[in-house]
Amino acid sequence: MSHDHDGGFAHPAPFKLLLSVFIALVLLTILTLALSSVDLGLMGAFGFWIAMSIASFKAALVMLFFMHMYWDKPFNVLVFLSSTLFVILFIGLTLTDTSHYKNTIDEYPRQPDTSTMAP
Amino acid sequence: MAVVEPEHGAHDDHHDHGDFIAHHFDNAEQQFDSGKLGIWLFLVTEVLFFSGLFVAYTLYRVLHPEIFDQAHVFLDKYLGFLNTLVLLFSSLTMAVAVRYAQLGKNGHVVWYVLGTMVCASAFLGVKAIEYTHKWDQGILVRSAFDYHAGHHEAPAGTLAHTLGVSEYLIYLSVIPLLVIIGFAVYAGIAKLTDKPNASFFSVCMAIAVGGYFVGAMAGHFYMEVTDGGFGGRSEAAAEMMAYENETHSDHEPTNKPVDHHDESAVDQQTAESKVAPYQGPQPDEFDQDIGIFFSIYYCMTGLHAIHIIAGIAFLAWILWRSILGHWRSDYFGPVDYVGLYWHLVDLIWIYLFPLLYLID
Amino acid sequence: MNLFGTPMLAQSDIPMPESAKVHSGSYWFPDQASAFAPNYDFLYMAILWISVVFFALIVGFMIYFCIKYRRREGVGPEPSSSHNTAIEIFWSVIPSIILVWIFYAGARDYFDMRVPFDDAEEIYVTANQFNWKFVYPDGDVSKELHLVVNRPVKLIMQSEDVLHGMFIPAFRQKMDIVPGRYTYAYLAPNRVGEYRLACTEYCGEGHSRMRTICQVHTTEEDRKNTTKWENEKHVGWVNGERLFSINCSGCHSIDGGVKTGPALNTIWGEKEKLIGGEEIMVDENYVRESILEPNAKIVEGYGPVSKMNSFQGKLNDKEIGYLIDYIRYLKEPDKFPGRDAQAEPTTATAEEAGTAKPEKPAETENSIDTKTEDQDN
Amino acid sequence: MATAAERKKLFGHAENNYLNCTKGIKSWMFTVDHKRIGVMYLIGVTTALFLAGVFALVLRSQLWSYDNTLLTDKMYNQMFTLHGAVMVFAFIIPSIPAALGNFVLPMMLGAKDVAFPRLNLASFYLWIFGTGFLLFAILSGKGLDTGWTFYTPYSIRTDTGVIYATFGAFILGFSSIFTGLNFLVTVNTMRAPGQGWFKMPLFLWGLYSTSIIQVLATPVLGITLLLLIAEKTMHIGIFDPKYGGDPVLFQHFFWFYSHPAVYIMILPGMGVISELIAVYSQKKVFGYSFIAFSSVAIALLGFLVWGHHMFTSGQSVVVTLIFSAITFTVAIPSAVKVFNWLATMYKGSIALTTPMCYALSFIFLFGIGGLTGLFLGALSTDIHLHDTYFVVAHFHFVMVGGTLTALLGGVFHWWPKMFGRMYNDMLGRVSCLLVFLGFNLTFFPQFVMGARGMPRRYASYDPEFQIFHQWSTIGAFVLGVGILLGFGVLVYAAFKGPKISGNPFGAASLEWQSSSPPDFHNFIHKPILCDPYDFGALVYDEELDTYIHREFMEPSEQPEMEPEPQVH
């Protein structure tokens, strides 16, 4: 970040920009909601990925402008985004494993659990 | 080369130290950069903290899609949507608060931080309605899951009965009520003892926590209007029923609304033939593991709610310092840091909303 | 208890089976009693020698440098380069190549240990705190594992409470037993004798007492005659239940619910309507036929072509018998001996429901103690 | 340049220093000074070490004979659990980073403090509370008998103090996170002007890599323990098979943290060793950037190998293969470090002082610990060795032979800086010898036992193994005596040892450019930035009996020849 002595290191985001980001976020939320109501099965597996893509786009908007990533040091951005890498790693390897031994769980006879059902 | 010079005279060429620069920093910018990196790293730990729940969610959703299909109809997506809007708006006010802190306009910061806090409380209010409604119906974590369809009436004569709300809601609301009363009383005392800042702060806090009741009333009103809520559910289930009715036209079509406010539906269900059409949620149709969805739901939203509460505490600290007029263009770090934290809470919700409420 | 045949133990007065005396483990290893053992021992020794060579080099240089370059009056450090990319790459790459080989060798042998044998004897293992139970294909039950030499075995293992681990050092085989699912272990005993079998996954108070024996017999007859079987013969329907859950439960329910195939809980002895309109009595023959030739007679509502695959060659007569027992049991459970009849330890269901209660040490410990003492004396 | 009087003020023995600049218990309890916090941590982790060490000796006593009745099975299980939990969570993880790191890191950077001093103090108090909760699990009367891993479903079924202990570990986790976060920020933003990344001492690289792991992995431990508490109190059905959960999933959660945590334990130790070898060989570290990058590489690769703790757990074959393959890649950077240390000694001027003796025994013991890792990384051998004493011996060679040895070496190295007094070097070396011999005697027999099939966590065992266990028990007591001796030597020195000046060992990193003990502000002057391993930049000041940077000497005073470093 360049350091100019007049403005200090603050980068106030323009009010209009923030407002338009908010409006975009609201519209995207409505879009997700609408898609989930309308499609119902037609989208199939894609529905999930579309919803996730929209959520990620919203997240990107929040991060870029609300969280000032747009003006922030690249190192900070790298630090934060690297966390998602580790989350993906965590999910990915664990899921790979469980999906491979899932069949051994499915074939195991489980007693229906009634012990904790309230009367 | 004059290497031996007193350390404390070494910074004369730097611009003035502000009041808030800690002794071990050379200048305001180093302090700000340190804080900023620190908060980003903290957010990294937060992301990884939540990651465990996302792993649990992903695994159970991939391995047991059926329990997610069965369970999500219990979540009202319009209430989720309302909460998303509230949280997005609070993010906006927070971002604006940061902007004014950067410009050194403390008065503006006060109002926008207050707005953020009201939204945060309102979010919790809506959440309280959602939770208590589920508790009434026995929609709990895996081991305690004991769904019983229908309206839960509070025993006659209780306050909950008079208000037409859940008993649990009354219990939950006691806490914010006490907080509000506490702040209101303290505001009066501070006023009398001539502490205008403290008085103003307490009034603001009372208003901020009051947002809880706004949210709760909005949620309750929605529940009343939709006759027990379940906006998402009735719609989805109705369409599914229509679909089932087409494919199984030889069977008695059941056009009964799916909210099953009476127990007769259960009997009807058992009387059905072997190949019964989908009827909406009935206790005996569930996979026995359906409660795991709600375990994950409660863990995720519960942990998120705890973060909201912590956020309110941080915001209160920012509010107080704004009232004292601490912020200026070279010292606004705390507002920025709390803002980043708040946006992260928003970010997590942005993912939770489709993951929990909008399962197809 | 001498299960190991080491000289150290041989000194003790404990009487031991003849077979155990002829074996002795080497310095590093217990007896080699399974087909996996030579591979394991080879790889172990290979890594050991690779490590010894590297270690000797490192420590040798370290000591040499300490002497040669010890600090002396008036002698400073000699100048030498502070980095040398060539040599650093050299000593990164050489170990890498060795590591790749170790990984390959380990993975290759691992596959041998985890891939099922074609015609393995299937033995069901049930572990609980802190006992073992082994159920053989013909329904015999024992508290020790009894195998026949050169007959490969598949252990189908389940736990009734917490994690356990099945470990037979002489076979170099180990597998955890995870509650809520089956885990499998494959054994290829190739040497007669008695070997240790121990629990290796910490399971609570009596963990270290959860030890038993794996005895490898010369012949099937030997096993049949010399083994001390548990008195209670395992009843058929319990075997059938297990087979059902693995083979049938995907398509047939036992609670009256509709799945791909008809529910089986109430059909025994009833007349079922077939597709052609005729009726048939559900009896041994019909069940057997349905398992082996699913298409022969299909119940109305599930046709016209059966979605069921034939189990010809997958289930033998004895197993089909167990399944028939199980279907009969489903209809009239009262007429069959319950699970408890086989002195099977009760599951901890009731205990687990509320706050955990202390275990019943008296019962459990006794059973362990008697077992170990039997062996000792 | 500075006059002799100025030099004495800057680099001599300081009577007014951080230890006595303010007085009273409150001035320590509420201090935000990183040096004081480091000292308090040192006292804290030493206490934890002794506590857990006593547990260990009780364990070893029980194992003296194959059917000993010193402890009941239940007590034995509690004892090894507490030994493991206290050692891991309260001692090893905070030991080098929080105690030595806190003291040394800001000074190595030429900074006045860490970036967030109050957070630093907070993390110390979190450590206190966390350890307190962990110990409360003992005092609550029920003990704790799950093993430090808290594996489900046993941890859900047992009625012992799992909730206290997990909550304690949860708090300790946050203590660790805050320390790591603080260090990351400090290294990033508070390096002395002109101190580039590759001008940092290698100890800082070790700490930096450690902090990366602390920040990234520890939160997962937090959520794992929270979920475990929820599972235990409410039965949420994520880990409990009775309610549709999956116990193996818990192991994934747990090891996603706990494997990287192994590197939290060893990486700072490696950093300390890099310093010690360089200083006591008076040689620039060989292959600086290889060592630096190998630390970061180990930290990142450490996240990809957690499944190697689960080869027999019911993990699928595919994932097992992946984890095994990646496991071997971690071996490379570790090996590179060892080779580079040796190359640093080559043609050096090696002084076998106490810290150097510890460093050499580190190389020996860590060598064994690392190489035996190969047996456990290879799949077929791991099947046999998993959950046996072989594993116990392996990780003790790494954690005790590695981390504890490095900690002792580091403490002996920086002790004169901390307290301004010198210890008895001969007794220090004797303590090192006792630790070395005792340690090998304790754990080497365990390799043999493990290979022959002795399972771990056994209160009683087959008589075959008795002789090995007896050797092991004798060794454990020798090890205990060695550590106590070292402790005694240090404590005596802190109060009664001969006073000493700023840089007695001729080390070139910045923390030595101060008085001993350091001033409250660390440096009275701005330290002169130089390469941390440029020992040629130092000259010997006879009057002060210490080494100082060449630029502080008058030209006339500078000796013409290189000074020979002195051995104390």
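Letters A, B, C and D mark the chains as written, and numbering starts fresh at 1 in each.
In this section, a contact is a pair of C-beta atoms (placed from the backbone, for glycine too) under 8 Å apart; a residue touches a chain by one contact, two chains touch by 3 or more.
Model, not experiment: these values are computed from the prediction.
A.B. asks: Starting at subunit A, find the fewest moves between touching chains needed to arrive at subunit B.
C.D. replies: Counted as steps through touching chains, the separation is 1.
A.B. asks: Ranking chain pairs by how many C-beta pairs touch, which one is first?
C.D. replies: C-D
A.B. asks: Let me have the rounded angstrom distance from the C-alpha centre of subunit B over to the C-alpha centre of subunit C, please.
C.D. replies: Between these chains, centre-to-centre, one finds 48 Å.
A.B. asks: As a quick test, compute the distance in whole Å between the mean CA positions of subunit A and subunit D.
C.D. replies: Going by mean C-alpha positions, subunit A sits 37 Å from subunit D.
A.B. asks: Once you find the CA centre of subunit A and the CA centre of subunit C, what distance in Å lies between them?
C.D. replies: 42
A.B. asks: Roughly how many whole angstrom separate the Cα centroids of subunit B and subunit D?
C.D. replies: 40
A.B. asks: Would you pick out the residues of subunit C that each touch at least 2 other chains?
C.D. replies: 180-181, 183, 349, in rising order.
A.B. asks: Residues of subunit D that contact two or more other chains, please.
C.D. replies: 188, 216, 220, 235, 242-246, 248-249, 252, 314, 317
A.B. asks: Which residues does subunit A have that touch at least 2 chains other than itself?
C.D. replies: 75, 83, 86, 90, 94, 98, 101, 104-105, 110, 113, 116
A.B. asks: Sort out for me which residues of subunit A touch subunit D in the complex.
C.D. replies: 75, 83, 86, 89-90, 93-94, 96-98, 100-101, 104-105, 110, 113, 116
A.B. asks: In the complex, go through subunit C and note every residue touching subunit A.
C.D. replies: Residues 158, 180-183, 241-242, 244-246, 249, 347, 349-350, 353 of subunit C touch subunit A in their complex.
A.B. asks: Quick one: in the complex, what on subunit B touches subunit D?
C.D. replies: Touching subunit D: residues 1, 3-7, 10, 22-25, 30, 33-34, 37-38, 41-42, 44-53, 55-56, 59-60, 141-144, 288-289, 291-292, 295-296, 298-299, 303 of subunit B.
A.B. asks: Enumerate the contact residues on subunit A facing subunit B in the complex.
C.D. replies: 3, 5, 7-13, 15, 18-19, 21-22, 25-26, 29, 32-33, 36-37, 39-41, 43, 47-48, 51-52, 54-55, 58-59, 62-63, 65-68, 72-73, 75-76, 79-80, 82-84, 86-87, 90-91, 94-95, 98-99, 102, 110, 112-113, 116-118
A.B. asks: Which part of subunit D faces subunit C closely enough to touch in the complex?
C.D. replies: Residues in contact with subunit C: 73-74, 76-77, 145-147, 151, 153-154, 156-159, 241-242, 245-248, 281-290, 312-314, 317, 320-321, 324-325, 328-329, 331-332, 335-336, 338-340, 342-343, 345-352, 360, 363-364, 367-368, 371-372, 374-375, 377-384, 386-388, 448, 451-453, 455-464, 467, 533, 535, 562, 564-565, 567.
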